[in-house]
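I am attaching a structure below and will ask some questions about it afterwards.
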Amino acid sequence: MTLLDIRDLAVSFDTAAGRIKALNGVSFSLQRGEVLALLGESGSGKSVTASAIMDLVPNPPGAIDGGSITFDGANLLDLPHRERRAICGTRIALIFQDALAALNPVYSIGWQIGEMFRIHHKKAAGEIEGAVIDLLDAVGIPDAARRARQYPHEFSGGMRQRIMIAMAVALEPDIIIADEPTTALDVTIQAQIVDLLNTIRKRSGAGMIFITHDLGVVAELADRVAVMYAGRIVEQASVYELFADPRHPYSIGLLASQPRIDVATSELVPIPGSAPNPADLPSGCAFRTRCPRAKELCAQVVPILADAGPGRLTACHFPGNAA
Amino acid sequence: MSPKILLRRTALAALALLALMAATFFLVRLTGDPVNLYLPVDASQAARDAMRIQLGLDRPLVVQFFEFLFNVLRLDFGTSLWHNRPAMEVVLEALPRTLALGAIALALAFAISALVGVIAAANAGSAVDRLINVVSQAAASVPDFWLGLMCVLVFAVNLRLLPTSGFGGPAYWVLPVVCLMARPFGMLVQIIRGSMIEALNASYVRTARAKGAREGRVGFVHALRNALLPAVTVTGDLAAQFAGGGGVVEVVFGFPGIGKLLIDGILRRDFAIVQSSIFAVAVVIFLINILVDILYATIDPRVRVE
Amino acid sequence: MTEISGTAPARKASRVKWFARALAGDPMALCSVIWLALVLVLILADTFGAFSGSRIALKARNLPPFDFTQDWRLWIGADSLGRSLLGRLAEAALTSIGIALLTVLLSLVMGTMLGLVAGYFGGPVGSLIMRISDVVMGFPTLLVALVGLYLFGPSVTNLVIVLAITRMPSYIRVARAETLEVRERLFVDAARVFGGGPIWIIRHHILPIVAPTMLTLASVNVAMVMLFESGLSYLGLGVQPPAVSWGLMIAQGQGYLSSAWWLGFFPGLAVMLTTMSFNLLANWFRIVNDPSQHWRLIRRKR
Amino acid sequence: QSDLVTVVVTDEPKSLDPCDTDLSNNARILRNNVTETLVNLDPANGAVLPSLATEWRQIDDLTWEFKLREGVTFHDGSAFDAAAVVAALARATNPDIGCEVGLATLQGNTFTGEAVDATTLVIKTGTVEPILPNKLSALDIGAPVTPADAKTREPIGTGPYALKAWSAGQSVALQAFDDYWGDKPAIANANIVWRGESAVRAAMVDTGEAQIAFEIAPQDATSANDIAFPNAETSLLRIDQAIAPLDDKRVREALNLAIDRDGLIGTVFNEGATKAMQVVLPSVFGYNPDIPVWPYDPDRARALLDEARAAGVPVDTEIVLYGRIGIYPNSAESMEAIQAMLLDVGFNARLEMMETTPWLEKLIGPFPAERQPSLLQTQIDNTEGDAVFTLPNRFTSGGNTSTLADPSVDDLIARASAATGDERQSLFQQAFANIAVEAINIVPLFHMVTIARVSPDLNYVPDVQAGNEIKLRSISYK
Amino acid sequence: MSAPLLEVDNLSKHFGSGSAPVRAVDGVSFSIAKGETLGLVGESGCGKTSLVRTLLRLNAATAGHAMLDGVDIAQAKGAELRAMRRKMQVVFQDPYQSLNPRMRVDRLLSEPWALHPGVLPRAQWSTQIARLLEAVGLRPEHALRYPNEFSGGQRQRLGIARALALNPSLLVCDEPVSALDVSVQAQVINLLARLRKERNLAMLFVAHDLAVVRHVSDRVMVMYLGRIIETGPTEEIFSAPRHPYTQALLSAVPTPDPTLRGKRRRIVLQGDLPSPSNPPSGCRFRTRCWKATDKCAVEAPELVAHGNTNLLTACHYAETVPDLA
């Protein structure tokens, strides 16, 4: 069952360099209980997508230019601000990349987790403390009663991310959006957090949008993958299909350019060039300037996300297997 | 703040105070001889010499200095030539008035500018924001004594609402407080507006919004407390400045505070008054700084008082 | 190489254009620039003798403003000695702004240098610099002003030196704090790895980074010094007749507030507007130098 | 509130010690309000009038006898008698205390008081003192409990008002004294407050915060309630005639001719000011009515300068005008105007406005040998009514503020000081003429006026002594 | 065998003094031969950067020596110091921070020559700049731009070009690719590999991404809390690590292959890295080690070979976990 459905979402920002089209018509959907990985390099629009869902696009300088976000049958973009806020935290929760910055430095973490209940009036004042301690226990923070009184800077990076997770799952949301929750962490800690997210998700049955650029984490966690490039989804497939048989040249390049821990690679195959300037995207397919397959058509027509086999979509005029 | 740190800071402050007092001692003595000022023009040279001897001004400066230091250590700050009584006594009469004036002005300025600053930041770029910007810039730029004179003209002389000047009941405080408030208000609005805009863009504010908090809560609970830190620093600096007296404003309004005392002391070459006021003010500033540090640490748990 | 170097002027031109655009995006800053340009024109007019005819004329004493049948120099009235108020304002502008700029320049240069040294080297020299600046900060500026003026005679030069010394600590502090931060940056380490000595690093790596902050501080300080000078002159400790500054004009004009308000009003307004202009420009400058705030300066076109 | 009058002056009193009344700020509060003197001077003509002394006579050159008023008590209840006066005199002249009266009016002679009986006092002087009663008009008599070796902040006198409180920095409160020997004052309480700004002082009367405001600047004197009264001060520029080119008489004459005194009156100076030809007012004993007032003749001034230049006098040397900030209202403007006038006739004049202390250094000798030619802005007051209080210190070679070293003037003044009667008068008149016309040591400007703003519902007319005395007991509400 | 290029002997770097200094580097010894690449891995805060900075003489060593080509780095002075500076260059982690934003690229790249007069006559600077830019895959006209006009990968190339300006024999790379995007990372890694071959560069390659280290290094060194706990040839470390920490580290790295999901044996370590100012007694890893015994708390293990292997391991219970990969 489709829980969240995003169609043609477009978001732009005013910057000194001019108008940036951060999202150029993003479409994907999330099923109940599913983990969708949003993969893509820096600046491709992953976080903006998350912000748009959560009504967090700063305005100004940003603005939502079009599209729809359908959640539970209603287009979120049509809802008044107040109702969207009520959905935030209760039904859709967000976990940020940089937990240190994302936690308010001047309030204790117990207060900040408890705020979830206070904002949404979910618990009586007396019950909050106990609930907070339970949550902290659940995310594996020892000595929860004492630590609830401490401030974010008194925790390690992994602990902070656990706190963010505790906050996100406090009201048992239907969707958890995790924006690169492990990028800033060490591998050993990352493993802990990935485990934790997995456990919690399975327990609550929530759907999850997992934003990352780490292929390893994707392989570990995701059911389905959407690959983003320059503000668009360029490919969508189940995780197995994507890793085994990427069709979009960008996905292919992404997979080929990463060294692997499990096998010795002699030479990496990087994607040539660098990400395009978002203020000045190439005409047609944004990837064409770096694409080995680019033809004239690519400069003229924007490829749409089209069916490319069962359950998979590719936005390329010349999709195909890795050479 | 642990007692050890307090002790260390006090020791450091005492050293700085010593340097300050030494510098003051020599500086005031460079401004000329008080004897001419204190004797009638017709007084004879003999009388002038006699007074110099009586005041000890005939001795080498170094000797005077060490005597001064010795006296300061015994908390004896000498007798005011002008007031003809212990200088510290005069200073301690004026200082509380100045502190009260400054505290009222600053507290009001802080409270009002926090409110106004938040409104401006929340509506950054709007007409309200622009209006607030112009008003606060004007407030920060207006010469306080000019404002004082204009206020006297309008509110006291023309409208007869308030007394022109002097010291007494609450009515007497209104104009000095307003004039003294103008600059802090302007500066603080600017600062709070700036840091609020920054805070509103911060990641933790996004978190608060993502949690579903309403804008009011986001602004006043999450952003403001963080945004207050720079304002607290500036308020501390201003408080330190105000501890030295509202200077020109006190003169304009005939407010018998430490600023006027100091200006008069300087103009009258009343060395003991100048030295005692600077000493007292320095001590107050030291206390203010500690207070600000404590406040800082209360607002922001990351800050540890050193 | 020629075709490459040919792009340099174009880049410069585009930078000027960007500044112009950024200025256009901030109406307040634009107004400030216009006001300061106006003041500059006034000063130039004065230096080229447009007001040289305005001598003391006791008959024209306190001539009220806005009498457009008079000579244009008298359009905003005449002062208590019958001189053109506009001419006096122009003359005073040169002193007031001149003092402010010179003071700020002096304290900026000295303060930045000391701050850089204190920040980069730290150690006993650094603490000495900081302690001295603390003590200077602890002084009532009035006392320092008085001593300076008494010792060296009341002159604009001395006023500048005295004010510069009292303003210096704030530059030292900021420059030091910035230096402390910048010297930990990686590119400074890189320069060290290349064998760059302290002088080299301060000159080529730290100073250029610290400079914009210092300039912002300086433009705020121009405003502050102007206020301060007018306060001092008001108390009779600053500029003395026959020299004239806006502050002195306010001080002299205050006696006429009830009978000839324009004498004190216009210089007061001039101080306020000029101070405000410098503050606003400082703001604008800060935003221009902060890429994350750029969007504020560019109007949204839809 | 008809039993309170508030007076606003410029400055807080420096001291309220009875022996410091030589300073007008102190005297205004004390003199004839709190403390009284043996004699008073008639504001109209300078004649000596009885006060605490009822009659007096000179027994011989060095001895005077005073009869004291009976039935007078101090505010603390102690009796006023000859012993109290002896103590006050001794105290005022004790160099260890540094009393203003002793250092100024009573300086240069010794005075030994002797109580013959309770109401009879004999004073012996070290040298002949022909005008002892004038001098004693400056000596306020404090109660015997006044400490003999230190100043007091709580004066106790015999006057119609007793000190109630002195709130430092704020006000001095006076209260009528029930057992006053004379007529009871109409108003029971008086407050003296101080404000630096003329405009504020003036406004305070309008707003009813005060009933009398002194020293209103000409430009603030806009209402019908402003009363100008001569304040015994004469403004002038002192010429430092020891230094070239000011050592040339033509140059000094040119200075005087260059100044448009009529132009300054009513603009920078108050309309009530009168052009001065010498440094004392007509009411002072020794005033010379025959000295001509300088005309404004810039052409003649230029001619004199040319003449001097031709004779090799370095007339183009820069001459400094030392002005003092706030010496009288509009002091800086007046100096600017004067500078412009001097420049106009061809002087190379530079103006330097100074704060009091550095100005005093220029005023009071000894002067350094190497110095610039200069004119000094100053004013001279004479409240004691005799020329001897003005001349010796300012115009003799030994005087500490004198730039004149002329043996003939020295001799004239010395002889005049010792003489009495008509001889005294004519000798002083000669001296004034010598200073103003022959030596041209000064650029006399104006006999000054002070403006007081008086609330219209008050009966009070300030007189020439109002600069030194606010005769509170003469004040009443209409 | 000739003397190694870099020889580090018992080097320590402690921050702060007093009772509990931060022991960022604690008695580290290793060497790098000419042309060899040594990978250094370890979790955040284990002391990698501190070690690098001490080698570069940006920090003063607390104890021990580091000799570059027979010259003690810490003691070098004057001409010796200048020669040393030329031989050893650095590429930093953050390409945004390591280039002065106010310097144009041509000035950035020529700075080393300006500091070492005599290396290259001024007349040749511009041609040499063009050559350097080309060597790192940029174009000569980039010389007139400012750093902020480059993308992260391009900036890192600039950093590398600058490090190459003095033609060093040892390049110290402190996480040169960890701030870069995945697609760009490959470009930079390839570039480094190419330059290394072309110029016979020796490298100390610091990273926390084990896959990258595996790809780049000849030999690998694993650091934990300021100590080296295991070192040896790359293949051996990755195929048969003996230290429990190395084993855990390797197993924690997720494999980009969804088919292996759940099939690998993963060791998820409990707890965080202890504070370096108060490291555990004995073996520093024991607080998170599943093999720890009382002995580990008392006796710090030496870095020695255990059994028939080229690996040196600092563990009392070193053994291979055969089924790891």
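Labels A, B, C, D and E are assigned to the chains in the order they are written; within every chain, residues are numbered from 1.
Note that a contact is a pair of C-beta atoms (placed from the backbone, for glycine too) under 8 Å apart; a residue touches a chain by one contact, two chains touch by 3 or more.
Here's who's who by UniProt: A = ABC transporter ATP-binding protein; B, C = ABC transporter permease; E = ATP-binding cassette domain-containing protein.
Every value quoted in this text rests on a predicted model; they were computed, and no experiment measured them.
Least step count on the touch graph, subunit C to subunit D: 1. Shared contact partners of subunit D and subunit E, listed by label: C.
Averaging C-alpha coordinates per chain and comparing to subunit A, the farthest chain turns out to be D. Of the two chain pairs shown, C-E and B-D, the one joined by more C-beta contacts is B-D. A separation of 23 Å divides the Cα centre of subunit B from that of subunit C. Between subunit A and subunit B, the centres computed from C-alpha atoms are 52 Å apart. The mean-CA centres of subunit A and subunit D are about 89 angstrom from one another, to the nearest whole unit. Distance between subunit A and subunit C, defined via averaged C-alpha coordinates, is recorded as 49 Å.
Shared interface positions of subunit E, defined as residues touching 2 or more other chains, are absent.
Counting partners per residue, subunit B has 31-32, 125, 149, 153, 157, 201, 251 as the residues that reach two or more other chains.
Across the assembly, subunit C contributes residues 146, 150, 254, 257-258 that each touch 2 or more other chains. Taken together, the subunit E residues at the contact with subunit C in this complex read 53, 56-58, 81-82, 85-86, 88-90, 92-94, 97-103, 111-112, 115-116, 126, 140-141, 143-144, 159, 162, 166.
Subunit B meets subunit A in the complex at residues 125, 201-204, 206-214, 217, 222, 225-226, 299-302. Residues 31-34, 36-45, 47, 50-51, 54, 82-85, 90, 93-94, 149, 152-153, 156-157, 160, 163-167, 251-252, 254, 256, 260-261, 267, 269 of subunit B are the ones touching subunit D in the complex.
Across the interface of their complex, subunit A is touched by residues 43-44, 151-154, 181-187, 189-190, 208, 210-212, 214-215, 235, 238, 248-261, 266, 268-270, 272-273, 325 of subunit E.
Against subunit C, the residues of subunit B that register as touching in their complex are 16, 19-20, 23-24, 27-28, 30-32, 124-125, 130, 133-134, 137-138, 140-146, 149-150, 153, 157, 190, 201, 244-245, 247-248, 251, 262-263, 266, 274, 278, 281-282, 285.
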